[in-house]
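Each of the two complexes below includes chain A, the first together with chain B, the second together with chain C.
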Partner chain A sequence: MKNKRPLSQLILGDRGFKYQLIAPSIFILLLIGIFPLIYTLLVSFQGITMMDNDTSFHGLQNYTALGTDTRLWEALMHTIIFTCIALPIELLLGLLMAQLFIDKLPGRQIFIALLVLPVVVAPVVSGATWSLLLDTRFGPINQILGWFTGEEVTLLWTINPDLVYPSILAAEIWQWTPFMFLLLLAALSAVDKSQLEAASIDGAGYWTTFFKIVLPAIWPVMAVAILIRGLDLFRLFDIVWALTRGGPGTMTETISIFTYVKGFQQFETSYTGAVALLIIILLSVLVIGALKKVEIAR
Partner chain B sequence: MKTSHRKKIKLALRYIAVVALTILFLFPIYWLFMISFKTANEIYAYPPVWWPETLQLSNYRVLFEDGDAATVGNSLIVAGVSTIFAMILGTICAYSLARFKTGGEHLANWIISQRMIPPIAIVFPVFLLYVWFGMVDTYFGLILLYTAFNLPYVIWMMRGYIMDIPISLEQAALVDGYTRWQVVWKVVFPMCRAGLFATAIFTFVFAWNDFIFALVLTRTDVATYTVQVTHYFGGQSNFWGKISAMSVLGTLPIFFIVAFMQKYLVRGISLGAVKG
Partner chain C sequence: MADLKINSLHKYYGSMHAVKGVDLEIPKGEFTVLVGQSGCGKSTLLRTIAGLEEIDEGSIEIDGEVVNDVAPKDRDIAMVFQNYALYPYMTVFDNIAFGLRARKTPKVEIEEKVAEASRMLSIDHLLERYPRQLSGGQLQRVAIGRAIVRQARIYLFDEPLSNLDAQLRDEMRGEIKRLHRELGKTMIYVTHDQIEAMTMADRIVLLRDGKIEQQGSPLDLYERPATKYVAGFLGSPSMNFIDGMVTENKVTINNSNHSLDIPEQIKNKLTSHANKAIIVGIRPEHFSRADIANHQQYSKLSVNIELVQPTGSRSYVTFRLGQNPAVAELRPQDLLGHNTTIELSVDMSRVIYIDPITEMTI
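Our next item is the complex of A and B:
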């Protein structure tokens, strides 16, 4: 090979080049991702609150307080409840909807384009929209229920402790089922048709075919979808904020809302620092574990 | 004959199910849009009115007269500028990861895991830092955070798109005497422009739709439209006309954008795992 470039440039120049390319991105990620974390770690060992700018060191006090903070663990529990209910429903509904679209259908593309619209609405706007829909007196949902019961329905969807979870879940499931639908439709469309035909010739029933051929084929995509949505649900904030602000009381408080309230309404700065670090550590472990199992990476 | 008859019934049933589902999923959006066109009397009418008498625009006029509509402009500025930064910096980083395997799998995995940490845990430390440097409620602060937040997504997606294009063109350009940087600008960027376009749209939408970062890091000067929507909620007097009109102002542009990029939707929302 003829190469007119000087040897030093060939080695250092090219080697440096790949680092030049990543340098700005890594700099920004460190600046926003790591530098504040170190600062927060420092703050979390201090005693700063709204009343008291106490920068003396308190050792692990804030961290031991985490263990006995029932409100924190309840918030974590609420988050897990939301995730464990919403995720399977979204997955199942999305799968059923995708089944409807797998064969030819007049106007298929238009229906798909319309069905995915909820996904791109800002979550806080979805929450606001649902709070309008669920309004006791001026919302259409109580009105529609009234048509069936024949009398005036005055359910307090965002206030009644028995109804706040269904309300939030309705908004959440409405917004994100189309996400599952879209990904699973893509996965189902890619299933090898000849395998399905072979199975049907062999006399395999619908469920046998589904569990033996379809499910294994769509699983990689399904796993990615579950991972993405699971992590999204773990950070659930906007929809709940718009609908209930974590209320009544702290009944629907998610881990994100808890952190927000502690940090930005009650100004327990040092303690919130400890909470934020707890979340980051918890999630990092989860994410690294999940990434190894899922084929997002190519 | 009999089987084709059965097929027709099956198709009809599927069609009914599809139409019903579409109506169900579009109804909340319809309701939001309709409220924005109603008069106060129609909004607070019992029983609720499903179709306003006239599609009047006074709810929108109020937003522009009060200056609240400027928050949509703020969203445009922070989402637009941060998208440009994230796209340029992220794509060259992705090129390095895709072609030179810089940092190996570990760096790539670290970058994507940055994306998956809950925003509240990121924004709290960033807030403390911004208070220190006086960057709360500034365009610069918000743009920097959105750029950082979207970088992992851009890097991850563009790495996939760049790996899809053949390397031979880049080699040919090097032989022709292009410098390494010229190869990036004049060969790689044009080659993956579809991916650049699709990724930029998603990056823009993420920043545009964000609520939590803007809630924490803005006060009045650079409040975005999502923050403004929640300002109208309060105790007894919910300004439904304003809530809906502001929401529509923020949502309609996104609907238009998405309509033009159906092709890239699946790949974009699945973090590139499904090529669609």
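Our next item is the complex of A and C:
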């Protein structure tokens, strides 16, 4: 019987070569992933604010405060509203566009390249661009609307409570629909053509073919696309910040903006730590649930 | 009455002329095999019949009705694809039932029909499985099941056996032929395999370069090929083509001292070719050992054997006639070994004569 080899030999010996190879990435992962997480956890049990560098143990004080913070729960609500409206629209528009471009039409390549441009733009830049587009006095959107109504239009797109949501959603959907489009186009092109031909000979109409053959085939890609966009939307920040800064009041404040304001404008550091951990837990539950669902669907 | 009628059909892919004016009539209940080398337009022709490809010129009639602009689903045809094209996210049952459901067949009827079709193909124990859990042969049966479960007017097969191994292929060949006899439906079958064509077809349509080279019953094409191409395409090993000259009563083989006697009944056919070049086509099985066949219709040759390939029941021997390599199919006990000289007889009544310029048979 061979004795169990000591750990040092396991890591430094010949057979440990694989561990040596992955060691740097594990180290970096620990440094930038796990360390801040643990540090945040520690801070969230303390009482650090801008005025008070109180590092004593405060127990669950910050966490109990979360429960009664209506601004936090409203921000969460706003985030969910953005996600639940933007995600389905991006998905449907992306799918429609992908269906449109699946046929080899002339000029297809150029149009695809143009359509994908919004994804390349940094969200902050696209937010700033939309903010100019929507400008009350100089923005082309109001001007173009003016041509149709025949009189000067001065809609306050980023201030009027009835218009802020549509404005933000428009910018968000404009930027991220092409992402869905690209992924779904790739998925659709991979659908076995002879299956579609078999279905057409079998007498299946467009919708039967789509729901019974195309959709199951593209579902794995679609599920991942939904997951990625869902997570992104949950962290929605740049576009809202550029357009409304969460306003008017806190009407469009998302959970990310709330965290930013709390942490870096009001410097309630320990409380923000608690908020951050709450978000991490919420997202983890969502992602694990979603991943399980995708797995079962396969 | 013709079940399917194709009139001067043309199909282009860009500048590529894939089908160059095909006229074809297929009677009801016939098993027709479209055969030819890859790229000859046979699959394209089948796909135009199915409606998967639009045609550029000509017309296709099914039961007297022109279907040029009729969608595949309204043509009342069923098709088996080369790669099976089963729906991967459905069970075998759902795959077979798909066409019936799409046509709003009552549920009880669907169950009866699927059960019947799966029993015919002995896949009734696989109905709950998914395609990824099946072997190649089983997938093929399911694909056929999906086609025959519907009462279609015409059944199309696009090289359905080419992905199977040799043994399964033999088995399925028989199976498909049996199905044809039981169902009595018009079937059109595309293959590049001349053995499939010979064994299965009521009628072979041999395509070459987008055109029909010859059509007829398998034995018709085998015994009386119209061109050198047809003669060389059918038969395995393929026909030997020997270059020679017609002289009085004989064909002398170029670059050798061999000659073949022309039988009486064929002499007047070759008078117009006297003293001209000719190609003699001899099938491997029309050679035999000289001492066995001693009759005036046989012509004797003395050849030096270069190679012997035994297959068990028959042995193939390779030798040269002039500059042309030739293969003879002999009984195993006829052979001595390679590098020996043996006397062979050629059955001259079965030999075909080809004009080397037109490549047509005389």
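To be clear about the criterion, the second predicted complex is superposed on the first by the 277 of 298 C-alpha atoms of A that agree within 3 Å, B and C clash if a C-alpha of one lies under 4 Å from a C-alpha of the other, contacts with A are read in each partner's own complex, and residues count from 1 in each chain.
One rule holds for everything that comes next: a contact is a pair of C-beta atoms (placed from the backbone, for glycine too) under 8 Å apart; a residue touches a chain by one contact, two chains touch by 3 or more.
Remember, predicted model here, so these are calculated numbers, not experimental data.
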item: Combined model on chain A where chain B meets chain C, clash or fit; value: fit
item: Chain B versus chain C as contact partner of A:188, first or second or both or neither; value: neither
item: Superposed arrangement, angle subtended at the Cα centre of chain A by chain B and chain C, nearest 10 degrees; value: 80
item: Dominant toucher of chain A (residue count), chain B or chain C; value: B
item: Which of chain B and chain C A:234 touches, first, second, both or neither; value: first
item: Touched partner set for A:77, first chain B, second chain C, both or neither; value: neither
item: Which superposed partner A:137 touches (first chain B, second chain C, both, neither); value: first
item: First (chain B), second (chain C), both or neither touched by A:256; value: first
item: Per-pair minimum CA distance [chain C against chain B, superposed on A] in Å; value: 7
item: Doubly contacted residues of chain A, that is, touched by chain B and again by chain C; value: none
item: Chain A residues touching chain B - in the complex, by the definition given at the top; value: 13-14, 17-19, 21-22, 24-26, 28-29, 31-33, 35-37, 39-40, 43, 97, 100-101, 103, 105-106, 109, 111-126, 128-133, 137-140, 143, 146, 174, 177-179, 182-183, 186-187, 220-221, 224-225, 228, 231, 234-235, 237-238, 241-242, 255-256, 259-260, 263-264, 269, 272-273, 276-277, 279-280, 283-284, 287-288, 291, 294-298
item: Residue ranges of chain C in contact with chain A within the complex; value: 50-52, 71-73, 77-79, 81-83, 85-90, 98-99, 102-103, 146, 150
item: Chain A - residues contacting chain C, complex; value: 192, 194-195, 197-205, 208, 212-213, 216-217
item: Contact footprint of chain A on chain B as seen in their complex; value: 11, 14-15, 17-19, 21-22, 25-26, 28-29, 31-32, 35, 43-48, 50, 89-90, 92-93, 95-97, 99-100, 102-103, 105, 107-109, 111-114, 116-122, 124-129, 132, 144-145, 147-149, 151-152, 155, 160, 163, 180, 184, 205, 208-212, 215-216, 226, 229-230, 233, 240, 243-244, 247, 250-251, 254-255, 258-259, 262, 265-266, 269-274, 276
